[in-house]
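Naming follows writing order (A, B, C and D), and every chain is counted from residue 1.
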Amino acid sequence: MDLLYKIFLEPFVQMGTAPDLLVQTLWEGMVGGMLYALIALGFVLIFKASGVFNFAQGIMVVFAALTLIGLHAQGIPAFVALALTIAVMFALAWSVERIVLRPLVNQPDIILFMATFGITYFLIGFGELVFGGDPKTMITEELFLPKGSWDIKMLGGFVSLQKIDVAAAIIASIMVAVLSVFFSKTRIGRALRAVADSHKAALSVGISLEQIWVIVWFAAGLVALVTGIMWGARSNVSFALEIIALKALPVLILGGFTSIPGAIVGGLIIGVGEKLGEFYWGPLVGGGTDSWFAFVIALIFLMFRPQGLFGEKIIERV
Amino acid sequence: MQADSPAKGEHGAAPVTDPGATADTFPKLLIHNARTRADRPAIRHKDLGIWRTWTWAEIFENVREFSVGLETLGLARGDKLAVIGSNRPRLYWAMCAAQGLGAVPVPIYADAVAEEMAYVLEHAEVTVAVVEDQEQVDKILSISGRLTGLTFIVYDETRGLRDYDHARLKSIDGVQERGRDTLARDAAAASRWDASVAAGKGGDLAVILYTSGTTGRSKGVMLSYDNVIISARNGNLFDRLDADEEIIAYLPLAWVGDHIFSYAQSYVAGFCVNCPEAPETVAEDRREIGTTYAFAPPRIYENLLTLTMVRMEDAGAVKRRMFHFFINHARKWGEKILNKEPVPLWARLVYRLGDILVYGPLKNRFGLTRIRVGYTAGEAIGPEIFRFYRALGINLKQLYGQTEASVYITAQPDGEIYADTVGKPNIGVDVKIDDTGEVLFKSPGVFAGYYKDPEKTAEAKTPDGWVRTGDAGFFDPKTGHLKIIDRAKDVGKLNDGTLFAPKYIENKLKFYPNIREAVAFGDHCDCVTVMLNIDLAAVGSWAERNTVAYGSYQELAGHPLVYDMIAKHVIEVNRSLAEERVMAGAQIRRFLILHKELDADDGELTRTQKVRRSFIAERYEPLVRALYDDSTQADIATEVTFEDGRKGVIAATVTIRDVVPAPVAPVLGKAA
Amino acid sequence: MLYREAGQYKTSYQADQAVFPLLQDRVGLLVILFVAYVVIPLTGNDFLINAVMTPFLIFSLAAIGLNLLTGYTGLLSLGSGAFMGVGAYACYKLTTYFPDVNIIIWIVASGFVAALVGAIFGLPSLRIKGFYLAIATLAAQFFLEWSFTRVAWLYNHNVSGAIEVPQRTLFGVPITGPNATAETRYLIVLTIVVGMTWVASNIVHGRIGRMWMAVRDMDIAAELMGIRLLPTKLLAFAVSSFYCGVAGAMMVFLWYGGAESTVFSINQSFTILFMIIIGGLGSLLGAYLGAALIFVLPIVLRFVPPKLGIPVHAATVEHITFMIVGALIIFFLIVEPHGLARLWQIGKQKLRVWPFPY
Amino acid sequence: MRAPAAGDQAAREILLSMENVSLSFGGVNAISDVSFDIRKGEICAIIGPNGAGKTSMLNVINGFYTPRQGRITFKGVARAKMRPYEAAERGIARTFQNVALFRGMSALDNIMAGRTLKMKRGLLWQMLRYGPAMAEEVEHRRVAEEIIDFLHIKDIRKVQVGRLPYGLQKRVELGRALAMEPELLLLDEPMAGMNLEEKEDMSRFVLDVNQHFGTTIALIEHDMGVVMDLSDRVVVLDHGVKIADGTPDEVKSDRNVIDAYLGVAH
């Protein structure tokens, strides 16, 4: 009885009595979710264009961030380092295409999926070898990212918004906007969509798969870089992030693997969901629920709508 | 030894120790085996994926039931029972079952068309036919109208026969069932059967084997128990075959070879016969069993070798080199080692190594790892092929035999193996050669006669019991082995009286891969001349290697360099002819290379790819004339049929080459 | 070349269906067992036995478990680490409640708990395949991992938050805890692994194995042939988790002698997965080969360079290992998706058809 | 055309009856209001131009698709929704247009897999692969071997099916279906992509199956010659609608068919 109360009433009572906390939690959740969404975005880009489920997106975030920091640590001015990092991400995209994707073209998806495990592990090892395993702090002010927070007085309490979060939100939305323009307006963008539909189609349009793959992986790399910066700015940059990045997977399950808006919405749902869950229900089970909450949500969701929120039903043929 | 004096088989009257020797019919042998080696495997059959084994005791039971069952169907002493199908245990049992009743099995080629079958079934007055499956049943039913004597058809495979009218159809199971019941019901049945077995004597007719007649109707060769069993026993002695042999039965039941190797010898020696699962799995099954005693016509060895070489071409460079290195080493030393001749130590060691790396594995792939004796016979085998297997350490030997002789006439004793002889007279066989060069023999295996055909029998058998083989041959003085040179009727004489055996010469030529076909002329001429066909594939590749440009077969055939190359072959042939006293006089003096390939469509070859000498002689009359006047070339125009059936005329000028005969070797072992 | 098959014929289906139809293979197997049971315990030093062989065997077992699921049934799982954990904690609880029951029984029994949990988390496999399922198994991984830390009851509320393996004996001989000798523990692990491998091979060679492979190769056809997909898949999950569970229990009780939840982190899952990718999907032998490679690799890296006078930092070794493993995976997926096992097979086939190339 | 079989048409009892079956994917009608019967022991051909809904029809019959409306009665039992494995359990087997063998397994194992439904021994025995489990394994191996013998594929029983030529794969697939000892066998273009000889073999096997096992067969085939030779009865579909149903001769002379199908074909 008491338990039922704890589960079904108390949380909502809390929400009601302390709405400012609720808002705060929601905001936190949204920001977290946004970062998940960004990673998910990377997945989607690649999946759309090459049907590859890129498990390495998470480590790419870490890798990008570390490169940036590492380069700057060598005394290279921040923005030069940024440019260099972009170059590095391109190099990465290029070599992935060369070394991994090209030989594996026409292999079953699951094989390519596993191949990205390989990439992940390689990058982890490589990253740690070069930059060392210990956490680093993101060079926030060098990149002129805002610090501190606004404390807004509302609902009989305070809601504090980290400026960096706001910035992140803005940058993220800009990026999404850019991407969608890129996809719908530019020639390459349309080509990419063609590929998504069928590889033959793309070839007939006269673009080589190789180029396209390099491009999408590079794009995913950029997204990863941005994500890395944002994330690094909030907490710090370490390989632990690679595990957290896995949360993008449930996001994808909700949002579907091919839909950018899906990724965003999914991200927000997961983010908000796990924050609320942790804040209001977590204590009941000893906290720390956010490590699995997202996945369980996804799991349950899968049972009922395997194709995701935005994907359409698959008809099996014999 | 002298050509016209009989050559006695060495081991003469070898002492026969086997207690089974007293048993003079197959049923008696079976009883003997069932008693002395009851639990030893007698026959195996790969069926439904595994090897089913029957011991001698078991097959005795089966055969007896089968036999009694047949008796209830009215099969009686002297009746004929046809056996039609592939090598299956129950078909072998059928033979013994029939013999148990004193009836005579008549195995018939399973691939014979209904027509041929009808002839044999009618001629042999078959009353019961034991067949493999629906296919054979259908064949017989299609002609049953004419087979008034045929009372029952007994089949092995039930499949597909369910909805047939079973008035005259019985399954082997069914027949055995009847037998079992009868035996169970009245105790007398068993003793009755024993009695009828005891009634059988060695002199009785054991089997009638119809020789697939190349000319005219096929003849039914009647063989008595003594013929078959004594020959088999001598054969076993000759190769020291015992109860531990394993043999694969895959050649037609109706062929005397199979009857001796997979039936008679097995019953006499008590070794195990293995029936393959299906024709296409014979090779695989042979490997599984690992036969110790094998028999195959030359083409099988040929195909195997070709396959080997082709496959090795696809192997990696290193492996290929290793393979050829060791094969060459084997070709050099292998036979010597096999013949227990002195061989330098290093050569032995390399051979040992080769055995681990190549020969052993090869033999394993061939399924010949455990082979003790392997025979090739039927026709001449290419020396290269023959030596290849010998070199691997496979004891491959040649044998010369006939249905009329219950197989054995001559065979090569271990350690006396030559690619071009057929060996020495078998135990108990006498061989002589008459002045026409025809080979005659006398042996325990000499057939009783052709069924219902006294004239033919008289033709084949001399009053004093010699049998004309219809083959011409001579005893090679060096080795004392018999050499078969040709069909007697084809053998002619040069004007100077020397023996002229076209086939013999042609074969020698054809063993060169470059030479596809050869036609030798010389009967009633002063000298021997040949027309040749080059082998486009072989010579073609030779041409590429030696950058000889050519546009067509005709062009290549006429090319001087090709002539030079072929001339070398001809000279070598002459040399080998010169070594043989009988042949030395008949060396090749002139040859030409024909401008077109001899072709069955033009009637130049039989459908079985044998050259039709006389036809060719007249078709190419101008060339033949030119071969015997001393013109160096001749024009010829021949009508040909193209693939699409159109007719056309090929005209050509064909060059003629002279070749110098080799000096005749000093005659060894001069005739007394 | 080594294979001389002539004369090896089968007279019964039993013989023909045997797992090792070839004499040479049977001999080889006996030799290996002899080495494992006699040679190594007698000659091997503590390091070899305790730090190499024992863990190698344990990992092999886990890999076999995952291979039954991923390699044979075609269901990708990233939760094997957690299922190992389930085994370990189950065993810990069981032996604390019933200290008198022999630990070996509990080690095996704990597999059943793992099997149950595995089956539960396998439920989604009805609806989803491929990497969707992989993600679903991640849920299992993280949820279980979380419970290992948060549910104090699981580790008897130890302040350390870790499992502390008590001493247990077999016929008076200590087989767990600090006093158990490396040899004893090795022999027990060996026996369990050998036994369970034998069972696994029996299963995959029989009806159930065929059902799994049918589902893997063509699930639609399988269902149209009357194979019920859900039970089949769940069974695969259960059996697979059973193996992982036992492996986990052995890992803690017969190797580490104590452990906390981090041992069963997602990285453990990955390690096992990589073992079967590199070793060979759908091959029991592959599980061993993969385990050998992935587990032995770092050891070699750690101990060989110093021998050559090249000082390497432990961390560096780890990083390099990561890189090599990553590279290997890509290499194998490209060159030989069926892993070492297939390479072995090809080699064996070559020996069988030697000197022919095919 | 096999006269004797066709003779006792009417006499035969109905094995499967389809009544006003309709099927649609996302509004698109694949099959609309089709009715026909398949009688015990007959060979019934379902023909029609591409996209006529033939394969969909088979998919409905063995429960892979659930029809939007209409009722299906098999062995006298009308069924609502039926899972494919239930169809299999009730005696419906099938082969596929593009071979759907278990590529990773040998021909023998594929056929053995077809025996799954008939094998009962549980996990425990399976684990030991001894006693009853082995006995069962052997018993079914024998059945499999009889099928192998029946289809003349002795020489490839241990070959991994992925390596077999197409024609043989089709044969193995038929074997796998036979292993289920079905009452109704659905063959989806059993001779597609075969050369003449292979087609003749396959036709032979289909007839043998029908005669010796008394299996009822429904097949889809494009080769008119084959259809006319094999089948007792032909059902013609066009754009998901049944346009004819009768003996080959009747169908051959049917106006609609000639327009809709043969017209297209030639």
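Heads up, the rule we're going with is that contacts are C-beta pairs under 8 Å (C-beta built on N, C-alpha and C of every residue); 3 or more make two chains touch, one makes a residue touch a chain.
In this text, all values refer to a predicted model and were calculated from it rather than measured experimentally.
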Identify the chains in contact with chain B as well as chain D, in label order.
C
Chain pair with the higher count of C-beta pairs in contact (C-D, A-C):
A-C
Separation of mean Cα positions, chain D and chain A [Å, integer]
49
Where the centres are mean C-alpha positions, what is the separation of chain A from chain B, in Å?
79
Let me have the rounded angstrom distance from the C-alpha centre of chain A over to the C-alpha centre of chain C, please.
33
When the centre of a chain is set as the mean of its C-alpha atoms, what distance in Å lies between chain C and chain D?
41
Among the residues of chain D, pick out those that touch two or more other chains and give their numbers.
64, 96, 100, 141-142
Contacts with two or more other chains occur in chain A at residues 316, 318
Residue numbers in chain B touching two or more further chains are 49
Quick one: which bits of chain D touch chain C in the complex? Just the residue numbers, please.
62, 64, 83-85, 87-89, 93-94, 96, 100-105, 109, 112-117, 119, 121, 123, 126-129, 133-134, 136-138, 141-142, 176, 180
Taking the touch rule as given, give the residues of chain C at its contact with chain A in the complex, in rising order.
76, 123-124, 127-128, 130-132, 134-136, 138-139, 142-143, 145-146, 149-151, 220, 224, 266, 270, 273-274, 277, 315-316, 318-330, 333-334, 337
In the complex, chain C residues that touch chain D
12-14, 16-17, 199, 202-203, 205-208, 210-211, 213-214, 216-218, 220-229, 235, 239, 282
Seen from chain D, its contact residues with chain B in the complex are 108, 141-142, 145-146, 148-150, 152, 154-155, 157, 208, 211-212
Which positions of chain C touch chain B when the two form their complex?
1, 3-13, 15-16, 353-358
